[in-house]
Every structure is written in structure tokens, then in C-alpha cells.
Amino acid sequence: MPAKPKVALYWCASCGGCEESVVDLAEDILFVIENVDIVYWPVAMDFKKHDVVAMKDGSISACLVNGAIRTSEQEEMAKLLRQKSKLLIAYGSCAHTGGIPSLSNQFSREQILKYVYEECPSVDNPQKARPQVRLVENGRETTIPAFRNVVRALDQVVDVDYYIPGCPPTPKLLKQALLAILSGQLPEKGTVLAPDVALCEECPRKDSKPIDLAFTEFKRPHQILIDPEKCLLAQGIICMGPATRGGCEALCTKGNMPCTGCFGPTSRVRDQGAKILASICSNIAAKDDEGIQKTLEGIPDPVGTFYRYGLAQSLLRRRVDLGAEPTTEAR
Amino acid sequence: MSKIRRTIKYESERDGTFAEEIMASPGCEDLLGCFQCGTCSGVCPLSIYMDHTPRQIIYLTRQGFKDEVLRSNTIWLCASCYACYVDCPKTVHITDVMYALKQRAIREGLYPSRFPIPVLAREFYKMVRGKGRLTETWLVVRLLLKTNIFKGFGMWRLGLGLLRTGRFSLAVESMKHPEELRRILDASPAQHGKKEVA
Amino acid sequence: MSEQFEPRIVAFFCTWCTYTAADLAGVSRLKYAPNIRVIRVMCSGRIDPQFILEAFAHGADGVLIGGCHPGDCHYIEGNYKCLRRAHLLKRVVQDMGIEKERFRLEWISAAEGDRVKTVVNDMVAQIKAIGPLRLPSRFKQWDAEMRELEATVNHTEEMTHASQA
Amino acid sequence: MKFSYFPGCSLKGMGGAYETSLIAVMEALSVQLEELDDWNCCGATAYMSVDESKAFTLAARNLAIAEKKTDDLLAPCAACFLVLQKTQKYIKDYPEVGRVVRESLRAGGYDYAGSTRIRHPLDVIVNDIGLDTIKKTVKHPLKGLKIAPYYGCQVVRPYATFDHQDYPVTMDNLLKALGADVVHYPLKTKCCGGSLTGTLPEVGARLSNILIREAKRQGADLITTLCPLCFFNLDSYQDKMEGPEKITMPITYFTQLMGLAFGMPSSKLGLKRHIIPILPILKERQVAIA
Amino acid sequence: MTEKKEEIRTGFYICHCGHNIGSVVDCPAVVEYVKGLPGIAVSRDYKYMCSDPGQELIAQDIREQKLNRIVVASCSPLLHEETFRKATSMGGLNPFYFQMVNIREHDSWVHTDKNAATEKAMDMARAAVARVRFHRALEKKKAPIHPDVLIVGAGIAGIHAALTLANAGKKVYLVEREPTIGGHMAMFDKTFPTLDCAACILTPKMSSVKNHPNITMWTYSEVTSVDGYVGNFTIKVRHKPRYIIEDLCVGCMACIDACVFKQKFEDEFNQGLSKRKPVYIPFPQATPQVVVIDPEQCLKLKTGKCKESCAEACDRKAIDFNQKETIEEIKVGTVIISTGFKSFDAKKLPQYGWGIYPNVYTALEIERLVNASGPTGGDVVMRDGKHPKRIGIIHCVGSRDESTNKWCSRVCCMYSLKLAHLLHEHSEAEIYNFYIDMRTPGKSYEEFYDRLLKEGVNFVRGRVAEITDWAMNKDEEDHLVIRVEDTLAGFVRRIPVDMVVLATGLEAREDAQDVRRLFNIGCGGEGFFMERHPKLAPVDTFTEGIFIAGACQGPKDIPDTVAQAGAAAAQCLALIDAGAIELEPNTAFIDEQSCSGCKSCISLCPYTAITFDAVKKKAVINEALCKGCGTCVGACPSSSIIQNLYEDDQIFTEIEEVLAHV
């Protein structure tokens, strides 16, 4: 019997939900354990970095990395795991498109640190102390990872073979991906392992969507009592479904909440936010500046709405007037 | 019989940049669009006194006959009624051109020194600079002192009439803080880098 | 920078009105700043917001959209669709730190050759005043921080994978 | 209704009757006028002849003061009205003018964005207050009084937009609302000679004389004006008039006629401050004088 | 998406266009630069690419060098895209493997800095070379041409075009808004320079129109809607009620005599110089010879109370007070718009006194006044009843003026000369013509000017400042005084006259903008309909199958109008006889696999070309209806719609490459 394929899982800038989603495989987890060797999974098993360093290059068959890349440690681990893995798979929205963490690309590093360590209402830090990358005290040196200026998707740091989208990915997608890896029947490199059709295709509300939307106002989910049957856009709620890759089985819209776009765009789209914007705005009823503006008042934060999971992979990537401060120097 | 005068003009008498310089003044940029229709002269209430009609002034300016233009009485007869300005079919702002030419003539010292109109302009200019406001009666008095227009000008009768109707006051009008205005005016660069006239 | 900054402006003109107006400007030999590069589309309704972002991301200092006046679209209402998108896109672009002068929508009819000249010159002057955007070099500057790691941590040659940008 | 009020030098000098009657009439129409704080001369035509950037700066100082108060600025003198409008327009249209003016104003601590609205009382009275209100306020209609409406040049052109530049009718309508007969007056926007009456009287006064002669020919009892310089020129040089027969033609400000029609006492209207007396013709036409 | 990766072999050609491009853009440098771009097999410059040898060069290179992509940098694609596509297909390549770069209108003609212009040419060339890689072979669709023609407006242009087409055997619908055809020409007295009578040459054509079996003449009717596209238009025409049954009326005018009203309403045809009744025929030779009732004036129609003596007087019972407007729908393949002009409204220039002084007339009023069938039978008697002894004719009224109309109206000089002659002939008055420039460029026109000079007409060069009645001396009392600078003499003159004629210019009709929208054509800044090309396509519009003729395109005289009407008719005939027209294949289609059926695109299509397939639950585009604007493509949230010739990848590449500076 040939050796079982080695699999690694790693966690970068993310909430941990992706790790949970592996457990969500439920009894299928047994199938996984039966068929693969998990050689590295810090959240569940006691391996250290030096264990990975010790592995032979390319010895891991597939490594699933979730989370965006924000710190020097994440950058380093991504590079290390890339080196050791035959297949590097971006797992979940953050690794795939930057995810929620990349919304912080709207702010500078200094703005973030200042808020987190000084201004945040729950913080008590009268000395305004900030973490130091390198600290020498009593002759002992302590280092912590550097906090980068930019949040990046995994493939903006290292070469990525496949993507499993979602916040988090569904167990079904994970299982399909694992089966594909085990059977070696993989699509073209760079493919997102989910259907390449937008969410509306599988949304149960699709039939209730009118042909002529003619938006006169937009509402946010908490502002109205949402009709559980009717297309959310028809109710004036921004739903990213038309511009978001399907495959999630319409979990959110089934749960009476609009799609917020976590699966990212379809393969033909370069900027998910721009496309939903194009589609929604084209369908506004007003023709005059004032009327259009008034309708659009219902979208108070277009960047946060349209790029909730994808700012790092958007065409602009980051608020463009932000600079790049040094990140490794002691402050 | 008057003397026979030779009227030919040579190219060397033209000032090649004159039109351009005038056009640099605000409002004068359409000067070259003039197609010599004569509307300006026709509507001008004073063209009948002018040695060159406004239309001719525009043409002479365009052609660079600077001397003819700046020595012409036309620019000083312009009363700024703006009739030509609004009726010009080619949007040449003739009144603005006249102002630009007046400024230029004063700067080059080309205006007739005893001709009262430029003197009035200068006296007015000085008085406002000093007090911030104008006292019409004193302006007239100053004007009289600087020119010799006493003759044929029954000023005394008019003066009596104005006194009778309580309109002839010798009290000097002034701002509360004319020095502030002077500060502003001094901050404003004198035109074309030339020394201020007043 | 010793050389004077010359803005790069990408313009999307609709065939029927603004592209024709630009032709008219040419036929009339009007002179305007050579900073724009026109991309022809049939209708301003074809202009995908992605095009504008793509242009910025690839180094445009400004993006100009030219379409038919409201009510005059050759395709009846394409320009209204363009207008609606432009309204929100303007906000997005500004929220992302791009000055509003850099993205402009103008209605220019086929007869308004002189307006092409005025708009282009005006836009070039405005952008000259605010300076270059040049996102590719900013991207490069941002990504330079990833080299810090190379300087501090040991690594082998094949480990370096260039980032996408 | 409330306005910032820019009297200008003339209304404080020889045009006093215009100011007195204007203030009285505006009060009757419940329009508040607040004189602009420490205003300065607008520069008139003379300043522009000498130095145009200083001329713009001079006028702009007043605009900057008015802008701070955010009220519209009322400028009754035709020359002031024109110069202030021209200044505002050129500051806007010519960035270089705007730059120089703003820079100079900063030396006095002023900032000027360019938003002040400059209005002439005739425009305000007819277009804001409206002829209906005027008609209601009239106590003694000026019945039988034949008036030549004389606009002069600088109120209707070139920058004002409230009426036609060659053929205005705003004041005609106002006078009709006061009950007067308005005569056909083809010279209504012709120049009175402006400052030339002072400098070249043989030229300037002739223009005024043509105006008076034609008004008489058209059967007018009096000429009404809306500019202190026009008033002065027309009123003051009638003894110099050439021609076979002697003509005298009373001249009034339009605000004086409004005051009369509103039933105000002549003392409040400066009616005595005319060289050509006005009361005889009013008596002859049996216009009631309060 | 292509199955097998073909090797791209691009041919690049840059045109010097004589000196037009070559003097500003360094063409050889561009050629050298392009040689270094990927996929380039040939890079050349040539003096005139659009010439036969230039085109042959492309075709030959395709054959010999196995080129599979062509890029030409020259003038505007709106001018020569077709030319070079043809050259491409001459070489055996699908014509859509071609991309054009506009370095003339958009570059050499608008820039002076040679370096910058050359750099711009390189940028645009690089973008086109990159873009053309993504091009695909496309087929042009053909649309059949319906043989019937609609002509809108029956002045001399519409009449001439209608007769030309009808004589060629085509069916024509001629729609006129007024109760009679004839337009402005019917109002004129004589025509310059030959002085033949307008009615004598026009009325025979008017009756030919009426009687032609191939012409359906609809007067008092307007086009209300236009649908479809070249070859296949559906037109709705509204017939206003004239309250007369046209087929019964013989034009005996008994009803007019019987009408209870006296003549009290302004006669439009006579420019208000005479009065008519509510029931009337516009003029004696009106076509059709049918009366019309003005519902705003007729007592019966306004109040319902009248003894209806007109109906009583009609022995053919042709009067029908119950007539309602009707809408008729027709199908045509081509349209000619010949809606004519409007005279400048002289009221806009009060300094010229029209409407203030009764003896100031417009030229059109004079046409009626000197007309033998006009209100005075040709007697030049003024509104005050007097005969003029001295007449001033003012040229350029509402023309060549930035504050009214900027353009020269082209006909005024000549008609002013004509009116000078006619007025002198009719009244023996002394005539003054006031002009800025005398423009007589036309066959026998200058000779006519010469004749007038010798007839003793006074010509004063100067634009009149004002026309007024204030008098400076006895001579001027009770006259109109013309104040003008005599620019040739160099002083101002005051000339007292009895009558003034304003040579009002020509402008676009007030509703030109509505007509333009109705037919989806363009207007220039002046408001006249815009031709496709000022020289090479003077009667075409930007909408295929719709042509323009006459003064609706710009001021013109009768000979030019007739010539243009003939040209427009010929253009229609060319299309009809070809039987079909090739359409640009820039339509959009939906990639069925990618479409999620979100329906975002459906209502965006103004031509209802997109529908929702309820079975497949996907959107579908009907290519026959699609006009290729690409709005749905821009809006598709999952980029599942593709527009031929404007595919996303093509445009993205263009964007990237114009910015990819060296």
C-alpha cells in the first residue's frame, strides 16, 4: 500500500471559521483521516515550524492555507509551506480574495495601530504603549512579527494552485476538492473550485425576481421586514448574488439574508465590486442627477458593501493615497 | 488750403506684438474676431467726435499701428456706455479694449497732458486711494486746477445751482479706515510690473 | 523629477457623439493637450466601471468618459445608464483615495468639437495641478515591504514567488 | 426682505435725493437695507482707466465684506452696479484676475469666494416685490403724468440679465403700475455723456440735451432716471442747451416717483434738491403731493 | 477560448496621409517601434494607405506573409474603417481581424508637439496591435430593404425627392404638417437670379405630386413614432382633422363665402398682412385644393353653437364637424427628412424695430407684399397706408452674430438684391442696401449684383446699429432713421427712410430637436440636422436609411435644395435596388453556460432584444433586434454577455496597452 498523501492546514489572518469548517465535515472527517496523513495543522495538532522546515521540499501533497497575509510571520509561513507543498490551496475568502481583513486596506497602518492601541473605547493604555517588533530587555531579545501596511490575498504573496472560496467554504466544496486531489483529477491550475455561474442560478428566490427592477430606493436588511420568498433586490436590499460565484447553495438568501459576496466573482470578472455596481446602478429608475443621488443615498458605504470580501483582490487593492511605513523597525 | 500730407504706411511702422499685448487684458481676447461691420461705431454715442471710429481703432490695434491708436482721442472719448459691447456680433468687448488702451496710453505717457479726461481719471484714482471714497465736488475743483477748462464753462452758475439745492458740499467723504484699503491696494501688483501712476 | 509631469488620461468616447466630436475637433484643427488616449465604444452605456478602475490600476492619472447629452443617445438611453453608474463609481473612487478631478463624465455632442478641446485641456490642467496618480508604482512601493522578509529571514532561491502585481 | 446696501460715493454726495427716496420707498415696502460696513468707492470708470487689477481689487473689497453677511447686495448707483458685477464676473472668468484680487484682499484679512449676488433696486422692486404689491401700495396714482423712462446705459448692460439690453421695459412697467403714462422713448438706453459732461462739456452736455429734446418731442412731462450721474447730467446742464427754443425738463429718480405715488411727503423724497424744479409740473398735472 | 493556439502574425501599416499625418507624427519612427512589438510580422509606412496601391499592399502582405491580423494607423475609423476591412478581406482574411488607429483627427491634426504626437501614435498603435490579437472572425448580417419611402416635409425638397422616387417606380409617402404642400417656396414672389416666378415653376410640380399614382400625399399630418431600423421602419402618422372630407371637397370655396365670420383672423400664409376666416384655403394654388377649418377659431367647433351656414352651402356635404384625428401605420425601408427652416424672429432684435415701428418688415412679408396674388395684389403699400419713397434693406439680420446665429444664412444677400429690384420695380422708391459683406457665389449671382449696382441701388457697407424714430432734424421727422457707420467712408451716417426691410436669416425649426429624437439622427450646434460627413456624405445621417435634404440640413437656396433632394432620392434608390444592406456585426450575445439568469440586463435593452427564457432560466438576446450598444454588456454582473468587436478582453487589453509606456 502506497503512503497516504500528506496534507497540511495553516491559518493566517482569519477568524478561525475556516478551521471550524473542516470539522464541519462531520462524519466525513473520518474519511479524510482514513485517506490522508495530516502532517501539519497547528490549530489541532502539536507541530512546530521547525517540523515543517525539516520536511523535504514538495513533500506535502496539498496544503490548505486560510486567512489573508498581514504579518511577516504569515508571509514567512506562506513561503515556507509553498516550498514544501506540491499543491498550495487558498482556502476561504481571506486567502482567496483578502476577505474581511482586507477591508482594513482602507486605512493606514498607523491609523489602525492608533485606533487599536489608543482610541478604541475598550482600551486602557495611558502610556500609549505599542507592540515592538524587537525588544531587548535585560539582555534578552524578544521579537514579534511585523505588522504590514497592506493586507494581501495568498496569491499576492506566493504562487497558488487552487482556490476554495467562501466565508467559510462549505463542507461540500471541501469534500469535492479533497476527492479531486486524491483522484488526481484536477482542473487547470488557478481554478476556483466552485461553479463558475453566479449565485442567482441556485437561489430559490430567482423566480420572484422581476424583469424590471427600476430601483427607487435601497434599504439595509435591518430597515425592513424581509419577505422570505421574494428576491431581495426586488425588495430594495443590496444582494451581491448576481455578481458572486455560486456553490454555497444560497445559504444566506435561504436564511433570509442577502448575499454579501464571499465566494468572489466569476472567472470572467476582474473586479466584483465594479460589476455589481454596474448592474445595480444601471437599473436605477431616476434619470436626473438629483434623483439618482437620492436613490444612492441608500448605499452609505459602497466600498464596504461591494468589496466586503475582496478589497485586496480588487483592481485598486487599497486606498491609493496611503503610503507604506517601515514595519520592521522598532518604534 | 491745408498742407498736403503723405499718408503711406511702411511695415516698419507696425508694432508686431501690440495686438497680442492688448489681447492679454481680460475681456480683450476676441479682438481678432472683428470683421469690421461697424456696429460699434454706429451705436457709439460719441463716435461722431472721434478722430478714428471704434471700428477703426480695433482694426488699427490689430494691425499694430500703436502710435495712431494711443494718440487717438477715441479712447478718451469712450464713456463706457457698453452699447458696442452688447451689440458687437463677434463678442469683441470693445469697452474692455478701450480700457486696456487707456491704461497703456497712461503708462506710455502718450495721452494729451492738458486733455482733461485722463487727468480726471488720475485725480479720481488718487483721491480714492487716499480716502477710500470720492467727494465729487473736490474732484471737480482738482480737475479745474489741473486743466484750463475755465473758459467757456459756466461753472459758477452750476455751482450756485448746486449750492441752492443743497448738493454742493465741501465736506470730505472718507472711509473709517482708509489705511486698510491702502494696504490692500499696495498688495495688489501694479499693472504689468510698471510703477504705479498715482 | 526634472521632467514636467505629463498626465496620462484614458478617455472612453461613444462613437456617435463624443468620438465624432473629437473627429470634428481634428477636422477643425483645434489644438489641445496630447495627454489623452481615446478608446472607442459604441455607446457610453457599454462603459463598464471595471474599465475605469482598470485604467487607474494600470497607470492612468485620469479617466474621461464622453457620451451623448441626456436625451440624445443614439441608443435611446445608454447614457443614462452610464450616468447612474458614474454617480456611485465617483463615490467609490473617492473613497479609495482618488481625487474627484481624476474621473470625469462629460456630455459632448457630435457638434461640440470645441468642447472636446476645452474639456481635455481643462482636465489636463486640473490633473497637472494635483500631480500624478501612477498606481503601478504605488503598488510596487507597497509591495516593497515584502522584501524586508528576504532581508531578515533565511530562505532558498526558489522560495520567492513574485506577487501578482 | 433684507439686503446689504452699497450706497456708493454719489448717493452720499450729489445724489442724496436718490438715497433719501430709495430708503423711504424700501421702508414702505418692508425691505430692510443695512449699509455695508466701511465700504469704499467702487472705482467707477476712472479707476479701470488707470490700473485694472487695482480697480478689481478695490471693488472686490466691498464684495468680500458683503459675502460675509450672506445677504444680497443692493447697489442703486448704475456705475457701482456695473463695476461690482464686472468685478465678480472677471474674478470668476479670469483665474489670474481672481488670484491677484484674492491675494491682495488677504492683506486686509478678506477672503472672497465669489458668491455675492449684486442687485439693482429696480430689479428687486419689479421682480422680487412685484408689481401687484406696488399697485396695492400706491395711494396717489400718478395719473396724467407723462414720463419718459430713461434707463441710461450701465444698469441694463452689459452684465445685468433682468431685462433686454437694448430695449428694456422693467421701469416702463413700474411707472405704469404707479398710474403714470409712459411715453415712447427711443433713447431710453442712450448714453447721457457720463463723466464727459464734466471734462468735455461741449460733447457730454450735447448728449444730455438730445435726450431732453427728444423726451419733449415725444410729449413727456418729465424724465425719470435710475442713476445719479444721469440725473446730474440731465438736471444740471439745461441752461447750456443749444437750439432755437428754450426747453426745461424736470428730472426725477424713479424712487421719487414711487414715493409720490405711495403718498410720501416731498420732504422725505428730496424733491427740493433739483435744479429744474419738479413741483410745478406735478401741480399742473394735479398729482397729489402729501 | 480558441481551441488551438494559432501563431499571431500582425501586419501594421501607418499612413502619412500626405503631410496631414506625416508632418506631425514621425511615421518611420512608429514603424520601427512597432516592429519590436509581439506578434508583428510586417510594419510599414505608406504615403496614402487608402489609395488603391495602399490597399493592395495590405492584401498582398496577407497573401505573401501569411498575416492573420491587420492594424492600420491613419484617419478616423468613421471615415475609412470600411475601406481597410475591404482590403483585409481582399487578402483573403476575415475583415474583422482588423483594427484601426486614428492618428489624424485624434492626433496629428490636434497636436503641435511632434514628440508628444509621435508618442501618442505609438501608444495607440501598441494598443491596437495588442487588441487585434483578441479579434475573431465575424459575419455581417444582411437586412432586407422595404421598397417604400417616407418623405417628411413637402417643401420644394420633399416634392422634388418624392417625384424623383415616384418616377423611378417607388412608392412614396409624402407627409406634410401644413394643410398644403409647397413650403416656403410657395410664398416667394420671384426667384433669384433669373427672376422667374416661384409659383410658375413650383405649382406644376405640386399638382404632379397630387396626381402621381406612386405618391401618397398626406397633408395636415405628422409622424408620431418611428420604430425599427434601416430597411424596415414602422412609422405612425397622425392625421389631424381638417373637418372636411377630403375626397368630397372640390375647393369651390362656397363654404368660405358662407361662413358667418368676417375675415378677422391672421392669414399665416400672408405673414399676417391679411386676414382670413376660420374656414379657408391657404392660397389659391394650394395642394390639395381642399379647405380646412381652424378648430381654435370656428364658432361651431369652439362653442358648439353656430348656424353652420358653411355646411349648408356645401352641396357635396364635405364638411364634417365630427372628424377626429386618426393614426395610420406604414412600413417603409428608407426615410428622407426635408422639414425645411424657420425664418429668424426679428422680434429678438428690438433695435431694428420690427413689431415696434409698423413700417419695418421682414423679407418674407415683402415677398407677400410684392406678390401679385398677395394681400395687396403687388402694390407696395405700407401698414400706415402710404407708399414708400425710400427703403432700407438690412442684411444679416439674425445671421453672423454670436448673440443670435453665428452662421451666414447664404441666401439673404441674393434675396435682398432680388427684393431691392422688385421693390424698386413696384414702387420706384430709392433703395439702400446695408451689408457687411456681399456674398454672391453662384451661377449668374455676381452678374445679378452687377445689374443691381447699375440699376442705381445704394450699397452702404456697414451693419446697421439701429432703426429708430428719434429725429435730429426736420428731414428726419416722421421717418424711420437708420443709423450706421458707413465703413467705406469711415463715418457714421443717419439715413431717414420710409420703409425698412429686414433680411432675416435662416435657422433650424423650433421642433428640430423633437424630429431629431424621433428619427434618432443628430443636430449640429446650430440646430440643423447633421450630415454624416460634410463633404462625402452630405445627405446621409448617422442612422442608416435616414437621409436629409434641403434647408433642414443648413441654409441653402432653391437650386442647392433641389440638388440635395435629388441626391437623397438617389441614396434611397441605391439601397432599395440593392435589396439588402449589410449590418455591422457589433451585436451582443449571451454565454448561456455562464448566465445565472439574474435578469439584471433585461430591462436595460431599449429595443427589447433581451428576453428571459423561462425554461432554461437564462437571458437570451435576439440578435436581429440588438443594435449593438453594449449597455447590457457593461451591466452584466457576471460578465456573461459578450459584444462582438467590443469584447471585455479587447477593451481591457486596449486600456492596459495605451498605458504601457515605454
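So that you can tell them apart, the chains are marked A, B, C, D and E in the order they are listed, and the count of residues begins at 1 in each.
One rule holds for everything that comes next: contacts are C-beta pairs under 8 Å (C-beta built on N, C-alpha and C of every residue); 3 or more make two chains touch, one makes a residue touch a chain.
Keep in mind that this is a model prediction, so the values were computed, not measured.
Undergrad: Which chains lie in contact with each of chain A and chain D?
TA: Per touch definition, common to chain A and chain D: E.
Undergrad: Please give the groups of chains connected via touching, computed with chain A left out.
TA: No chain A: one piece.
Undergrad: Go ahead and name the chain pair joined by the largest number of contacting C-beta pairs.
TA: Greatest count of contact pairs is found between chains B-D.
Undergrad: For chain D versus chain E, what separation do you get between their C-alpha means, in angstrom?
TA: Whole-Å distance between the two chain centres: 48.
Undergrad: Centroid of chain C to centroid of chain E, CA atoms only: how many Å?
TA: 35
Undergrad: What is the distance, in whole Å, between the centres of chain C and chain D, each centre taken as the mean of its C-alpha atoms?
TA: The answer is 52 Å.
Undergrad: By the touch rule stated above, which residues of chain B touch at least two different other chains?
TA: 86-87
Undergrad: Note the residues in chain E that touch 2 or more other chains, in rising order.
TA: In chain E, residues 351, 466, 604, 631, 634-635, 648, 652 touch at least two other chains, as defined above.
Undergrad: Among the residues of chain D, which are close enough to touch at least two other chains?
TA: 166, in rising order.
Undergrad: Dump the list of chain pairs that touch, please.
TA: A-C, A-E, B-D, B-E, C-E, D-E
Undergrad: So in the complex, which bits of chain D are touching chain B?
TA: Contacts found on chain D: 9-10, 12-14, 16, 38-41, 43-54, 57-58, 61, 82, 90, 93-94, 96-97, 100-101, 103-108, 110, 153-154, 157-158, 165-166, 189-191, 193-196, 198-204, 207, 236-237, 239-240, 272-275.
Undergrad: Please output the residues of chain E touching chain A within their complex, sorted ascending.
TA: 593-600, 602-604, 612, 617, 631, 634-640, 648, 652
Undergrad: What residues of chain C sit close enough to touch chain A in their complex?
TA: So the residues of chain C in touch with chain A come to 45, 48-50, 52-54, 56-57, 70, 77, 80-81, 83-85, 87-89, 91-92, 95-98, 133, 135, 138-139, 141-146, 148-149, 152-153, 155-156, 158-161, 163-165.
Undergrad: Can you name the residues of chain B that touch chain D in the complex?
TA: Those in contact with chain D are residues 25-27, 45-46, 49, 77, 79-83, 85-87, 95, 99-100, 102-103, 106, 116-122, 124-125, 128, 132-137, 140, 143, 149, 152-154, 157-158, 161-162, 164-169, 173, 175-178, 180-181, 183-191, 196-198.
Undergrad: Going by the contact rule at the top, pick out the chain E residues touching chain C in the complex.
TA: Residue list for chain E touching chain C: 76-78, 102, 104-107, 109-113, 116-117, 119-120, 123-124, 127, 517, 520, 522-526, 530, 534, 542-543, 586, 604, 606, 627-631, 633-635, 643, 646, 648, 651-652, 654-656, 658-661.
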